[in-house]
Amino acid sequence: MIKKTKQPLSSELLPHKSFQQRLADRRRGSSTLVEQEVKREDLGFGTAINDASSRLVNKDGSFNVVRAHQGFWNQVNLYHTLITMPWPKFLSIVFTFYISSNTLFATFYSLLGYENLVGLDKVTPNTAIGRFMGAFFFSSQTLTTVGYGHISPMGYWTSALAAVESMFGLLLFAMATGLMYGRFSRPVASIRYSTNSVFAPYLDINGWMFRIINQRTNQLIDVEVEVSLSRLDRKPDGSLYRRYYPLKLERSKVSFFPANWTLVHPITDESPLYGCTAEQLAESDTEFLILLRGVEDTFNQAVHSRFSYRYDEIRWGQKFKPMFTATVLAGRATLVDLDQLDETIPAELN
Amino acid sequence: MIKKTKQPLSSELLPHKSFQQRLADRRRGSSTLVEQEVKREDLGFGTAINDASSRLVNKDGSFNVVRAHQGFWNQVNLYHTLITMPWPKFLSIVFTFYISSNTLFATFYSLLGYENLVGLDKVTPNTAIGRFMGAFFFSSQTLTTVGYGHISPMGYWTSALAAVESMFGLLLFAMATGLMYGRFSRPVASIRYSTNSVFAPYLDINGWMFRIINQRTNQLIDVEVEVSLSRLDRKPDGSLYRRYYPLKLERSKVSFFPANWTLVHPITDESPLYGCTAEQLAESDTEFLILLRGVEDTFNQAVHSRFSYRYDEIRWGQKFKPMFTATVLAGRATLVDLDQLDETIPAELN
Amino acid sequence: MIKKTKQPLSSELLPHKSFQQRLADRRRGSSTLVEQEVKREDLGFGTAINDASSRLVNKDGSFNVVRAHQGFWNQVNLYHTLITMPWPKFLSIVFTFYISSNTLFATFYSLLGYENLVGLDKVTPNTAIGRFMGAFFFSSQTLTTVGYGHISPMGYWTSALAAVESMFGLLLFAMATGLMYGRFSRPVASIRYSTNSVFAPYLDINGWMFRIINQRTNQLIDVEVEVSLSRLDRKPDGSLYRRYYPLKLERSKVSFFPANWTLVHPITDESPLYGCTAEQLAESDTEFLILLRGVEDTFNQAVHSRFSYRYDEIRWGQKFKPMFTATVLAGRATLVDLDQLDETIPAELN
Amino acid sequence: MIKKTKQPLSSELLPHKSFQQRLADRRRGSSTLVEQEVKREDLGFGTAINDASSRLVNKDGSFNVVRAHQGFWNQVNLYHTLITMPWPKFLSIVFTFYISSNTLFATFYSLLGYENLVGLDKVTPNTAIGRFMGAFFFSSQTLTTVGYGHISPMGYWTSALAAVESMFGLLLFAMATGLMYGRFSRPVASIRYSTNSVFAPYLDINGWMFRIINQRTNQLIDVEVEVSLSRLDRKPDGSLYRRYYPLKLERSKVSFFPANWTLVHPITDESPLYGCTAEQLAESDTEFLILLRGVEDTFNQAVHSRFSYRYDEIRWGQKFKPMFTATVLAGRATLVDLDQLDETIPAELN
């Protein structure tokens, strides 16, 4: 999705470079077009997405991209789908698959003759449905290798089918149980982001801030956050194209992440947000893209989390309320109240 | 837990910068408040924890933080809890779950009628309790898929319940056995830290030192140690706030860690510990936070370990006794005596 | 395969250094032979592969190297082979192994006497083949632990053999099911490369370009690409030797890889491709070696992919057609058409 | 094992710094003892191992260190031991454990009364040994969950014991099968090092060289090698202590490792080996320590390998014979003959 452009990218919709920087640029001499293009920030979305009404990153961290002609097998990508789908859906699929397999094998057994399933008549009624259900139950006992034996296969073909089914069952349940445990043990950065970001006073200037907490009991260490701003800028010919700017953070890495963390982008004169109004952000379809990387404590596995804030998810002139009340457990531990993640209070901007 | 402050952070409780450094700072010109704030060390605990009686990192490496309103499921975090709990507790839970599941299913079978469990009367007495226990044993044979068949299900509903139970059993035991093996194979940095750290002579100055050993037979490679000092400093307005200083180590990384390692922070005039007395460390609630990272040899997995020493866990004017006695196995291997980890001998400070 | 050469490597078949660079080299003073050798790029293939008709990296990413005297066990490398072979082949092997094991154990049971398998006569005809097949089915029921019990072992030796077989079966199926799941869950960078690379206009110069897409639904992040050019250069004595040049890319790393990515090597006067014609590339047996590294989203695992383009897989004066049609799903998401990966249109070179 | 020394480390047994370097050192002004100590190379073995007859790293890559008072459980470290032991030993342990468990449970069943194992008399003779063996076989059928049912438990206690055993069996076999697969799938850098290293001519000087091959079919990528020299140097007071020097390599990293690689340390005047004779290397107990890191291709897992050469494993005035014969498969692939790894031919030193 990365498109090359022949025009020099010199004019922007919004100011984002200090005077000093521009001067320094000029002093360095004429940079060629290639150098300019190499320096241009690109997250991998490209410049052509200039439709102001679609967001780049969805609230669940997935990319807002649809692929045509992906091919059935690539689109399905069984493993990824089965690992990430919700538990109820996953268990329904396992159960459905179990029922279907048993129905299929019961049909096979019926074709080979019910008389080859010894003991069937003692388990279910001797009717068409009863016999089929008996074969179904025999199949389930074979598939799960429980094998009571009150129904048992007789003759070459029925015995062979049972032998194949039990092997098939072992391989099949290996997948199901592997997926069960894989889902259960998958390391995830269970980060909760504040519903809104804020424009708040910061030291003697202002800052754009959002707040995160680790929802889980397990620890994250070496947490690193990257924030990029994406917005539509205007080329000299007046056409819109999407640009990306890395946002400098007051602190982008912490060794420990015991509770909450307020991330601050100080709006200095070098910030692409310097001097911007809420209207300008809306007009240029501004989106803040967040990528968090960390290490999960239990198995030392890398985890990450994506999130985005759009221009309409910023509260102007609000700051976050502190989340901890040191007095309650004073002398024993620090108390943090996770319910206060979204709490903000008005604060006069500088 | 990272709080922003509007006041410049210029005055400290204890000296920690050489005169040369301060001069260099001044020569570089007026750094803005933002630059100062960006440069401030923060491990992720924030500045607001100024209650002198609570420690930040517990002796087992966990953080001394309590979270309110975490939500039941996030608080429980089954996987993490089940992987890290002690073995007896884990096995009790598995056993309890097994008993409970069988009790539940036995109840279901009893509701569907004991007469549908053929052979029950030959296994247990034909009393209320006997029949229930028979159903319980049938359930256990189904859940584990052992399926002897001397008790066997009859009729649609009991057969269907047995089919469901055997599938449920396979999925359930997949979790239990996955956890068993996950616990067994989890890579841990089994580092033992000396009970106390020491203030000992080091070359022509003094140093703060602690000693570690790898308790296990498996090797750790590329071991890296980070030490931070956390203490309460005083703002110009007299209020206390918590500050963090990285401590430079004589050697912070080794490729091999065959036996013991004494980590040394040389107390030069650039050290935040320069000129400090035991009383000052106590007064400022000093804590040394240690983060060790390494690679476990067997599966090449990253491991880490956290630890902390408080001001009252320092022995002044003591140095560690050497741990190896080269004479015993001379000519064949180097001998290290792990029992001597905590042994110190008096040493005159410089 | 890295060979050392005694002659200074000063003359090249094709120009690849700007005049400024050579001047700078000279000004730095006489670099010794060692310095020159250390600076020489080598990917690990060495300089001696000067046979122009063999390619270094095959289309599937494997190396085009044959090893003699590798030793049977090292050559086979069961695990790697079983994990990477196609599914039909893997399942055939599992099935064949299952049949063979059962045949082997059936033979053992027959040697211990069919009379020790109680119930055999009720399952299969009482003929030589019938009895053997019965033993075969009993073996399959033991190996998979389904154990119906309508055939059951009697006496010491047959019982002992059944006990051994069931243990053997558990270990065996552990391998089979482990491999099943290992194959299923193996993280792969399912990258599709455009069939051809192109020489296309790029800004005010030209560039060598290829295009890639992620075929799967799961995301890749932090994708990094390294491209090297390999070709035969001529030594002063006229003999050919293989040299490697890293190719600078317009952009070699993206944080997100939501859809397609066109990689561009701008042909500036510092490029080893500067001024080259199609004939020169063919003459010098030019091959472009590509190494892609990324992180797979589901389990945060590192993945990589190798590919190569040869001189005859370049289209001159063609550029890639854009792959997305923003209009279709406008306002909801970005649409990318994967079928257009290979589409190029003529473009006049600069 | 890292010991601090109070004396400045100024005099060495062997020359290892160029005159220019020493001059530069002096010009930088008086470095304090701390700075010197920080700069001293230490791999983690410390300076006190001055017994010339013991080697630091064994031929299999393990460290030549013995630990006293390690504590039974830490010493055993079951998981690491079970994963790394040879296959025959591992399978014997699994088999022994299976036999022992069955014997134990058979004893329990005998204590609860053989009459509670229905069908026992039909399987084994009705003697003391026969009944015990019957219980043993019943136990094995329960432990592996094969559960034929021709022997079945009766009554509360025997049924309960069978229920416990089948659960115990599932957990137990989970460990065994997990270990089976863990052993099978463990990524190892199967590097073979040439038996000897050589002192050979290299360009216009000499070099110390060794050669490695990847024995397996699976690929290693991003292979990096670190070589350190360890030898006894003499302090000003005449006492010996062990010092470590990193050795610069001609090339220490390759992206691809398709076949063999000759690693070269060029003996420039900056090398600690400059001007050394075979006698001096023997006298100072010189050992070359090698650490190789790479990424295994199948699962993208990090692997490493350790090795060491001692002074008596160097061939002077020999160079390695090329390992590939390009002519055999010319035009199709490059052929490498792994049997030639150790082949050297005489070469006059510069």
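As written, the chain order gives the labels A, B, C and D, with residue 1 at the start of each chain.
Going forward, contacts are C-beta pairs under 8 Å (C-beta built on N, C-alpha and C of every residue); 3 or more make two chains touch, one makes a residue touch a chain.
If you're wondering where the values come from, they're calculated on a predicted model, not measured in any experiment.
Q: Counting one step for each move to a touching chain, how far apart are chain A and chain C?
A: 1
Q: Among the chains here, which has the CA centroid at the largest distance from chain C's centroid?
A: That would be chain B.
Q: Once the Cα atoms of chain B and chain D are superposed, what angle does the rotation have, between 0 and 180 degrees and to the nearest 5?
A: Rotation angle between the two copies comes out at 90 degrees.
Q: Chain D and chain C are one sequence twice: same or different residues at the contact, by the over-half rule?
A: Since fewer than half of the residue numbers are used by both chains, the interface counts as different.
Q: With chain centres taken as the means of their Cα atoms, state the distance from chain C to chain D in Å.
A: 27
Q: So what's the Cα centroid distance for chain A and chain D, whole Å?
A: Centre separation, chain A to chain D: 38 Å.
Q: List, in ascending order, every residue of chain D touching at least 2 other chains.
A: Residues 141, 145-149, 173, 178 of chain D each touch two or more of the other chains.
Q: Using the touch definition up top, name the residues of chain B that touch chain A in the complex.
A: 1-4, 6, 32-34, 37-38, 42-45, 48-51, 53-54, 62-71, 74-81, 83-84, 118, 141-142, 145-149, 152-156, 159-160, 162-163, 166-167, 169-171, 173-175, 178-179, 182, 186-187, 226, 228, 291, 301-304
Q: Using the touch rule from the top, collect the residues of chain C that touch chain A in their complex.
A: Residues 94-95, 98, 102, 122-124, 133-134, 136-137, 140-141, 144-150, 173, 176-178, 180-181, 184-185, 190, 202-205, 215-219, 221, 223, 250-251, 254-262, 264, 266, 268, 295, 297-300, 322-324, 326, 329-339.
Q: Hey, which residues of chain B end up touching chain C in the complex?
A: 145, 147-149
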